[in-house]
Structures are given as structure tokens and as C-alpha cells.
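A, B, C and D are the chain letters, set down in written order, and residue numbers restart from 1 in every chain.
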């Protein structure tokens, strides 16, 4: 069994529709329900539900907390997947890269443009890709989405195209 | 082939998630895509995309317009299904009932608490039910949702329970 | 709460794909998993998993058993839905009709052309329709599928069209 | 845009349910419908529908044909994904490996235990994984399924476990 740490930070990928308010918000985590749709016979996912925030609302303290959790996990190294809002995903990834220069495992960030379980969602695709990327990429901090993999310092979100692109 | 008139007025059942704004709105109609998921070998649906409004935004003029379309359709009578926001569905239904006292076909109103295509949506269930109700109910104005059928003057929405109940 | 008796007899609607054999068979019941996808706030379903047979394999003894279960249920009357293979659905329904002449509730038979949960399945549509039909039809024995309702003595399966038609 | 060659050979991943026979067979290709469920903004898939066979029915001639198509594609090199029945996937992969010793791109074989679009199918997961693997693996012949990647000469199917394992 290969272990993968999964750190859930919220973002669109985990947003849910509220029937009471008619809005889409980060209320409950739902990522575990979707992992169960995947076949992972040789993968043991250890999930940390760290926070459930729209990434536009994440503060420097929040990013420090993500960094701290990653640091603690890496005392017993295994690949890490971080689910995160797309708007500031790169910002959080750069904090990790700048503070953890000697990584021995890949740290893969992913998210979604449309919440898991909504029609045309890219969430399960991105989860699937990030889990595979965590297994086969070199050490470093990466973004994996939409059949693409980017080093964290070479990527930016293109809001109009609703995807990540090289920079 | 049995004809059914379908008049689409918007409401939650037709809301879509916008990746640009992260909100759920009545932007495009999508009801036809979902009808295609049903098997209707003996049913010919004639859809009128009348408006695409959150029913809290519907005005008296909007309701007069719905009434007028129903009236025109009934010159060549066939059962009618009206998809509509749930918040003022009963109000619109009462306008129809009060203005069309001698119905010879059923008029079935339906909608959804969660948009079609979102996880745990009741939209396709309600569409399925309203189409069957249109075939077998007596003439009159009805609400069909969640395996229940109510005469329009006996029903109210319970917001807390997120469903319709007797009144 | 309205009670509905559900008697599950197998048929295509409950068939599952076996990864070991690569075939589609009546192995386990799965109808309950699909009921949970419907919103039934005012409906209490009491399920009897009677048998799990391809209806081509059903014997006279099997049909006698279905009749007996229906008879017992009707000592405390409530509408009945029977899920059944389509090939001999009408045969079983006629046994019920001929032996229970004074029904006070509707008995609605349904099934599917493609198993529940397979792409393009009509299973959930037919379940949804049969549950609504059970609520609003007159006493009698009926087939409800594909937005149509037939009295049991007026219907036959058209294998080529993969649906039920009038006879 | 990154090009990926997709060579479809059939197997369980492409099987469909036939309502006429009640069996699951390789009748039509359906892989394109499922690619459309993925977001591939930077990927151009060039699909070759080579054959549509249960891999237990594949002959030496069939394997020679797969090899030939791969050889032709590699005159203009780009990563290759081959969808294939799981029972003889390794056999076909070994033919490719033994005959194409100086690969400059990865050739990724995948398939499924349950057909695309059936409940609990692993098909879309495996497609997603193989497309990502095609982008980031080293040159060579690989199997990608269930969040695992194997070199073709180190893998075998375990029928009882319904998955691939190291050998």
C-alpha cells in the first residue's frame, strides 16, 4: 500500500448548493464521498480536513497553517495532495515551495472550476489526476488539473479561460 | 403519440453554475437536455421557453404572460406541464385556476429544490412525475413534486422543510 | 405518511454486471440503493425482496408466490408496486387480476429495459413513475413504464421496440 | 496543444448492454463520448478505432495489427494511449515492447473491469489516469489503472482481485 496525504483546504471543488439560501458555499467537506468513487486498491489516503474556505478568503495565517501541516506530514514522508481554491492556489503553493526547499516527495495542488457533483464538474477528473501525479512526479510543488501538470513557479490561473496556463 | 405542452418559466430547476462568478443563476434553459434522459416513446413534448426567472422576481405581468400562453395552448387542448420556481409557484397556479375555470385537461406545475444536474437534485424526479401526472390526473391545476400531487388551492411551500405541504 | 408496498421480483431492472464473468445477472437486489436517490418525504416504502429472477425463468409456483404476498399485504391495504422482469410481467399481472377481483388499491407493475445504474437506463424513471402511479391511479392492476400507464389486460411487450404497447 | 494518439481496441471498457439480448458485448465504440466528459484544453486526442474485441478473442494477427498502427503513429512521435481488454493487455504490450526497443515516447495501456457508464465503473478513472500518464511518464510501455502505473514486463492481471498486480 502506498500512502498519500490529502490536505483539504476548501475551494470550489468542495462547495455545496444550499437549498435554504440558493447559493453555493464551502459548508461541509465532501471530498471523501468522491474518493469512494475511485478504485484505489494500492493507495491509502490519509485525509486532513484543514479548513473549508473560498481561497479568496484565505489569509497569510491560513497559508502558514497549510505549510505547518505539510511540514508535520513530511516528518514521515509520503506524497501530498492539497485540494484548494483555484484563485490563490499558486500563492499557497509558492509559500510551500519557498519554505520547504529540500522536498523528497511531490506536493500536488488541485481544485476545480465547478464543484464536485455538479453537472460538467472537473472535480473528479482533477482528483484522479492529482492522485496519479502524486505517485509518479518528481519531488517539488506542482499544480495538476485538466490533463496538465505545472511546476508551481511556472503557472497562473487564467480567469477568462477558466483554467491554468503557463507563465 | 400523446402531446404534452411544456412551459418553462425558470426557477431553481433550470439554474446553472457560473464558473466566472461562482454563483447559481437562471442563465440558459437546460430542461431539454434532461428530457432527453427520459424514454418517452409515446409522448410528444412541445416546449415553450417562456422566461427564465427566479420566481421571487416574477411580477404580475409575468404571471399574466404565463396565463396567456396557457390560454393559447388550450385552444388545441392537451395536458400542460409548467416548470417554475417554487417560491411563487402556487401564486402563479392560482392565477391560472382563477382565470380558467372550465379546464378540460390537467395543468401540472413542478420545479426543484436543487438544480437539474447537481448532486442530490430532485429535478429529474419532479419532471418525470409531472409528465406522468399530466397523463393521468383529472382536469385542474396541480403541483407534482416528491411523489406527491396537490390541488393548487390546497398546497403551500414549507421553506424550512424544503418541500410542499398541505394547507 | 402514505405507505406503499414494494415487492421486488428481479428482472432486468435489478441485474448487475459481474466483473468475474463479464455477464449481467440477477445476483443481488439493488433497488433500495436507487430509492434513496428519490425524495419521498411523505412516502413510506415497505420493501419485500421476494425473488431475484429473470422473468423468463419464473414458474407458475413463482407467480403463485407473488400472488400470495400481494394477498397478505392487502389485508392491511395500501398501494402496491411490483418490480418484475418485462418478458412475463403481463403474465404475472394477469394472475393477480384474475385472482383478486375486488381490489381497493392500485397494483402497479414496472421494470426496465436496461438495468438500474447502467448508462441510458430507464430503471429510475420507471420506479419514479410507478411510485406516483401507485398514489393516483384507480384500483386495478397496471403497468407503468416510459411515461405510459396500461391496464394489465390491454398491454403487451413489443420486444423489437423494447417497450410496452397497447393490445 | 499536446497531441496524444489513442488507439481503441475494444475490451470491457467499451462494452455496451444490448436490450435485445440482455448481454454485454463489444458492439459500438463509445470511448469518444466519455472523453467529452473530461476537460482537455491543452490536449488534442487523435483516436484510431482499430478493433472492438473482447481481448480473449484477440489473435496474433490482431496484435500484429496493433503493433503496426503504433509503428506508423510513431513516425510522427507523440505519446500513445491504447485501450484494450484486460485479459491479454500484457500480452499485446509485450509485443510492442519487444518490437519497438527504442521508444522516445510513453505507450500507456489501459482498460476497465466494468464498462464505461455502468455503475461503479472504473473506466473513466482509468482513461483519465492513462491520459495523464501519457503526458508525464518516461518512454516505455506501461499499464495505468486504479491509481497505479506498471512497466509492462512487471505486471500481471489478478482475476480474483479484479486488478493488476506486480509480478
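One rule holds in what follows: a contact is a pair of C-beta atoms (placed from the backbone, for glycine too) under 8 Å apart; a residue touches a chain by one contact, two chains touch by 3 or more.
What you see is a predicted model, and the numbers here were worked out from it, not measured in a lab.
Enquirer: Comparing centres built from CA atoms, which chain ends up most distant from subunit C?
Expert: In terms of C-alpha centroids, the chain at the greatest distance from subunit C is A.
Enquirer: In whole angstrom, how far does the Cα centroid of subunit A sit from the Cα centroid of subunit B?
Expert: 39
Enquirer: With chain centres taken as the means of their Cα atoms, state the distance from subunit B to subunit C in Å.
Expert: 28
Enquirer: Compute the distance, rounded to whole Å, between the mean C-alpha positions of subunit B and subunit D.
Expert: Computed from C-alpha means, the inter-chain centre distance equals 45 Å.
Enquirer: Name the residues of subunit A that each touch 2 or more other chains.
Expert: Residues 113 of subunit A touch two or more partner chains.
Enquirer: Give every touching pair of chains, nothing left out.
Expert: Chains touch in the following pairs: A-B, A-D, B-C, C-D.
Enquirer: Report the residues of subunit C in contact with subunit D in the complex, numbered from low to high.
Expert: Residues of subunit C touching subunit D: 12, 15, 17, 19-20, 22-24, 54, 113-120, 159, 162.
Enquirer: Quick check on the complex: what are the subunit A residues that touch subunit D?
Expert: Residues 38-43, 113, 122, 125, 128-129, 131-133, 135-137, 144, 146-149, 161, 163 of subunit A touch subunit D in their complex.
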